[in-house]
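First subunit A sits with subunit B, and in the next complex the same chain sits with subunit C.
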Partner chain A sequence: MKQINDVVLRTATKAAVVIILTFSVSLFISGHHRPGGGFIGGLAFVAAIILLFLVYDIESIKKNIPIDFKIIAGIGVLTSVFTGVAGMIMGKPFLSQAFDHVNLPIFGETEVASAVLFDIGVALAVIGTSLTIITSIGDDR
Partner chain B sequence: MIEGILFVSLVLLIFSILATIYRLVKGPSAPDRVQALDALGIYLIAGVAIFSVYLKSTAFFEVILLIGILSFIGTIAFARFIERGVVIERKQPD
Partner chain C sequence: MNNWVVLPIVMPVISGMIMVIFKNNIWLHRFLSLLTLGLIGIVSVLLLEQIETGGIQTLYLGGWQAPFGITLVADMFAVLLVLVGAVVTFCCLCYAFSSIEKDRERHYFYSLCLFLIAGVNGSFLTGDIFNLFVCFEVMLVASYVLISIGGTRIQLRESFKYILINMLSSTLFLVAIAYLYSLMGTLNLAHLSVRVADVGQGGVIAAVALLFLIVFSIKAGLFLFFWLPGSYGAAPTAIAAIFASLLTKVGIYAIIRLFSLVFYHEPAFTHQFIGILAGVTMVLGAMGAVAYWDIKRIITYNVVVGIGFILAGFASFTLVGMRGSMYYLLHDMIIKALIILLGGTIIHLTGTGRLRNMSGLIHLHPRLGWMFFIAALSLAGVPPLSGFPGKVFITAGTFEAGYFWLGGIGLFTSLLVLYSIMKIFMSVFWGYTNLAKDNEKGTAKGLLPSMAFLTVLTIALGLGVEGIHSYVDLAVEGLLNPQAYIGAVLGSGGY
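Here is the complex of A and B:
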């Protein structure tokens, strides 16, 4: 098999992955009032990792990210369910959320919602599930 | 005036997208179809950008970035499949 020169692709990927990860965090924290949220933030995160998988190979990425993605999916689902159950403990219906306005030093008046925890759980579940699917069906064995 | 220009460019974009879809369906070889898909993503980005200028709104900028990212990744995946036969390699051939 002939050696393929893909220096351009690797150099562009090193810049693009940082941009995509930043964009995924921006999508994640813009949720609940504007388009965004846990699901699409997790999918954009997965897009960055898939780009790494495409340009490099499975073994070096798994060596540098030594995390089992199935465990991440489980932790995410558990987090989402427990934030739902916390509403039941307080005497409200399942999945009811609370929010409050807090004065933070730099950001000023900020709205802090407990839906962020639920969104973190959704994002972790999406990341774990998608990466598990990609690494199991994308394998060339 | 400016709205007329934007409307005309949207109509022209529709013709471009139709021509690209013709290439996507008809295209004799696989690289032609991959090129057509990439161009289709760029036309969609252009259409959304013109539409957000028309509405004077910044609400669609995330859509533009997201279509760009997904089109980039899809093009790279198809190119690797055409060139090497596999999409994701298990080990670095060195």
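Here is the complex of A and C:
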């Protein structure tokens, strides 16, 4: 537990983390046609968690997010690979992508692409790997 | 388009990741790793059949045509290596089941092995040079962890050197790729081949070719092998066997692929240079093998000699010499794994690697002794065994190309290899036993079957040369005739 009086830091962090997480999602979604995507979206997400690690401490964050980050990375890679394999099952080359336009209630005409699934996998892999690295370096006393 | 081509890369990644998720179930790890390697073996046999009937198989990932997208190319040469690699790794993992520590198993040993295999297979099957770099990195990152996991003093020292030297060579690799791209404007191997053939291989391109040769020489241990004996000696037996049988071979594969498909226009310059390096490698490796009295050292220096010998055949750049290289490459993958496993077992049993401290092991372990004897003969290239055809063809090839000195060095170092390995056999297995059954440091239980299988394989490959003859010849023809590769990747239209 931190001994110093850091009320300002903690209060600012609570707001900042929400903003960073929102921004990371926005980065992720814009990735299909504009700069962004799973990799940097995932990294921005990790930045928010690392800010929490710095301001609070690793133990209490881990208590509140009781997930093994290595497993997240594993699931992420599997998601990405299986979107590639899905192309094979359809009889197309490995990693073939598909997209379609559908009419959603609120969003209106929306493009739905299988590349999003691939990107989700990339994001999860990045999040899992970076957090594993940070926690294992941070834990080492 | 043939989706089979990607399976040897994707399957190990999938099962490796499943193991990461189910971390604690070691039996699942063992089962999945063997299953995956078995499936890779089956897929590559099927691919061999397809290539034999239908020519070189290609896959454009995501449907993006070459030279714009990522291309995977399965020709006979690559698939033979994938097949033998899967078989050898299968045996090494079986050996690891009863030899590797529980701690290593829990720390993702099997997933790392599979990621290594994914990188190795990717390097064999990729059709463009940047992906060759990526697959090299996948393989190397896995090998970094495998070599340093456990963290004993000697391991940390050697793995630090290993990582440093590989970082350096990877950086040079990237620099060479950047040069090549700025000169040629493409990184697809087939496309590169067309463009280099157009402009000729003089001046700057020759310099880039040499830079690639340096990079792959570090990776393969051709002449620049100074890092190899130490780091392979530091790893546990099963890991060292996989490394010696696969990692150096990927470097050799890259040299052969690049200098037969892209930079093949000035053999008097590049291939003679490879020949000189190969000769020096054989001599230095043989000197190391003769000089040491430590099992691990002798065997790792024998790995170095093998590398020189394979590339001596390639340097001749004749049909016969290349055929010899192909036979010897396949033989070397099997025999190096076998001899390292045997050496590791001896050290495991006696608790020491020093030859002078052992004797008479054959009284306690006759089967181990005879397997070692067969492996030693095969390593030296004695006729009925698998080393023989390769040795004959390589020697004939170097003589045919007029490199009598190179063939001579090859024959002379073969004798030194035989001496060095018989030195182990005589001092470990002959004489009175100084080791009672109950004060052995370890047990050979569970270790013998995988080595027996590899021994049978080396005998079978020697006796059944006729059986694989057609495949090897197809592989060599593919290497000597780049047009087939180019046609398969770019289509007959060309770019």
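Note that the second predicted complex is superposed on the first by the 137 of 141 C-alpha atoms of A that agree within 3 Å, B and C clash if a C-alpha of one lies under 4 Å from a C-alpha of the other, contacts with A are read in each partner's own complex, and residues count from 1 in each chain.
By our rule, contacts are C-beta pairs under 8 Å (C-beta built on N, C-alpha and C of every residue); 3 or more make two chains touch, one makes a residue touch a chain.
Quick caveat: nothing in here was measured; it's all calculated off a predicted structure.
When the two structures are aligned on the shared chain, A:V18 is found in touch with neither subunit B nor subunit C.
Touching more residues of subunit A than its counterpart among subunit B and subunit C is B.
When the two complexes are overlaid on their common chain A, residue A:L9 makes contact with subunit B while staying clear of subunit C. Judged by the touch definition given at the top, the superposed model places A:A98 against neither subunit B nor subunit C. Once chain A of one complex is fitted onto chain A of the other, the partner contacts of A:P35 are limited to subunit B, with no touch recorded for subunit C.
In the superposed pair of complexes, A:I58 makes contact with subunit B only, with no contact to subunit C. In the superposition on chain A, A:V81 makes contact with subunit C only, not with subunit B. Of the two partner chains, subunit B is the only one that A:A47 touches; subunit C does not reach it.
Residues of subunit A that lie in the contact sets of both subunit B and subunit C are absent, per the superposition on chain A.
In the complex of the two chains, the subunit B residues touching subunit A come out as 59, 62, 65-66, 69-70, 72-73, 76-77, 80, 83-84, 86-93.
Subunit A contributes residues 1, 4, 9, 16, 20, 23, 27, 30, 34-36, 40, 44, 47, 50-51, 53-60, 134, 138-141 to its touches with subunit B in the complex.
Those residues of subunit C that touch subunit A in the complex are listed here as 1, 3, 6, 10, 13-14, 17-18, 20-21, 23, 59-63. Across the interface of their complex, subunit C is touched by residues 68, 70-71, 73-75, 77-78, 81-82, 84-85, 87-88, 92-97 of subunit A.
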